[in-house]
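In structure tokens below, several structures.
One chain, subunit A, appears in both complexes that follow, with subunit B as partner in the first and subunit C in the second.
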Partner chain A sequence: MNDFETQLRQNLKRKQPPMGFTQKVLLQTATPKRHLRRWILATVAAVFSLAGGLELYRYQQGQFAKQQVMLALRITSEKSHVAQMKIDQINQRRILQ
Partner chain B sequence: MSNFKVVPLLVFFLANCTGQDLIQSIDWERFAPKATENVTVNVDGFMLSMAQKFLSDTNPDEAQTKKLIGNLKGIYIRSMKFKQAGDYNMADVEKLRNGFSGPACSKIIEVKNNDGKSENVGIYLKNNGSKIDGIVILAAEPKELTVVQVVGSIDPDQLKALGDAGLIPKVGGLSSKKNGSKQKDDE
Partner chain C sequence: MLFRLNQAAQVHVLAARGDQAAFAEIVQEHQAMVFSIALHFLRNRAVAEELAQDVFLHLFRNLNEIQSPGHLTNWLRRVTSHRCIDQSRQQKYRPKVGLEAAPEPSMVPRTADPFLTEMLDRLIRTLPEKPRMVIILRYQEDMEPTEIAETMNIPVGTVKSILHRALALLRGKRERERKEARA
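This part shows the complex of A and B:
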């Protein structure tokens, strides 16, 4: 057996894995699952954020609509009051005549 | 303005009185040059339904408003304020009035003053057979011109409720009459 063969045999000899090797391997194989979990969490968060944003937008739109309606009714009421005053004036004038 | 110009305007208004939103067909630019304040409120059907959802049932004012706007399809307002009396032409207001007097419109009240110092008001109903399809309020005050159009099917009870809420004037039982027509001229 020459030196080369001895060296080769030595190099190819079964070796004991370093400490924590199994955990490292298991951790590496579990990584895709962790990624999937992250993706699910991110998607759920995004969906909730979107739903929250839409709800906020809807709420703001509703509040704006409510304010506009109240404003419209207030102006309508004011102008109706002007008409009412005119009618009352005419009625009073007629009564006095 | 010559009759040649007035006729198409009237035809335009009459066409509008039968259906489309009257207020949006008015040429407001005519009044705009001297206006110091210009208010536009457009509340369409979608906004009304949105507002209805956000109006409280427990707050009496909001509950009443919710009930009032129930059958309405829109409330459209244009209002302009002017620095001094006479900044807008009464002849233009007269044209507006003519526009509200189409076959589908009933004149309920019309108060005219030609002195330029008093208010000119008019209330007009848009009819669709025996139904009321809307109300138009025209208030031409010396320094302010306002047109309010309430669109939507309004039943006599609702008309009464609108009167009770001060949104339309009460004239000797007008609120409870479906097709009542009263005119008052104070010229």
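This part shows the complex of A and C:
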């Protein structure tokens, strides 16, 4: 190894990190706050999405049921109108006879 | 030697089971290595400390992947070198100048030539990312080109060529600076 490489090795000697480095790492491993916060936020978002989805589903089901009832009423009304017309025609024929 | 190896393996097993004291022992044993790679590469003490902490946090979450104390050392060197290169690439877009850019008289050994030490530091800093990391792993960690190739995930031939060219470049720059200083 030549002088230049010896000088490089000397320059690149290992250095100790600042005091309290290990404690800082351990503190972060003991309280993974960032992850906990992320999990809480994700759970709250999931609950809200689920509740919103359920509400939308219920609203759509209600709308569908309402449309079905309206259609049924319209059909009933038309049928009763036709029946009424026929009754009126029969009554008129009887009166004329 | 065998006793030390067994002891290290036991510490590793305990840490993988969540033993905080065993993990603290691992951090203390390897912190100088991880921190120095980051410091020599990034030349910023605060950023290097933050990066070293992140590396150990990543290790804590992946302790189950580690198979032996030797694997642990290689894993730490690999993760640190990759993160340093990523960090350096990010810093190009938002450059930070740390106090470490200035010479540190208190950290320079009295036997070394302060001018030469400062000049070499500056020259290493001018190298592109991969050659800089190769030089650090070679001369800080005393790693062989095959080990560097494995750590940095590049062919051995490339490592040898990078090493050769980086040394030539550093020598050339040093000579030029010396001549300029004399003139």
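The working rule: the second predicted complex is superposed on the first by the 66 of 97 C-alpha atoms of A that agree within 3 Å, B and C clash if a C-alpha of one lies under 4 Å from a C-alpha of the other, contacts with A are read in each partner's own complex, and residues count from 1 in each chain.
The working rule: contacts are C-beta pairs under 8 Å (C-beta built on N, C-alpha and C of every residue); 3 or more make two chains touch, one makes a residue touch a chain.
From a predicted model like this one, the values you see are computed outputs, not experimental measurements.
Look at A:Lys86: by the touch rule set out above, it reaches subunit B but stays clear of subunit C.
In the superposition on chain A, contact is made by A:Ser77 with subunit B only, not with subunit C.
When the shared chain is aligned, subunit C comes close enough to touch A:Gln7, but subunit B does not. With both structures placed on the common chain, the touch criterion links A:Met19 to neither subunit B nor subunit C. Contacts of A:Ile95 after superposition: neither subunit B nor subunit C is touched.
Touch criterion met: A:Gln28 reaches subunit C, while subunit B stays clear of it.
Contacts of A:Gln63 after superposition on the shared chain: subunit B is touched, whereas subunit C is not. No residue of subunit A lies at the contact with subunit B in one complex and also at the contact with subunit C in the other. Put simply, subunit C touches subunit A in their complex at residues 20, 23-24, 27-28, 31-33, 35-36, 39-40, 45, 48-49, 52-53, 56-57, 60, 107, 109, 112, 116-117, 120-121, 124, 135-136, 139-140, 142, 167, 170-171, 174. Interface residues of subunit A facing subunit C in the complex, by the touch rule stated above, are 4-5, 7-18, 21-22, 24-26, 28-30. Against subunit A, the residues of subunit B that register as touching in their complex are 39, 41-43, 47-48, 50-51, 53-55, 65, 68-69, 75, 77, 79, 109, 111, 119, 121-123, 137, 139, 141, 146, 148, 150, 165-171, 184, 186. For subunit A in complex with subunit B, the touching residues are 59, 61-63, 65-66, 68-73, 75-77, 79-87, 90.
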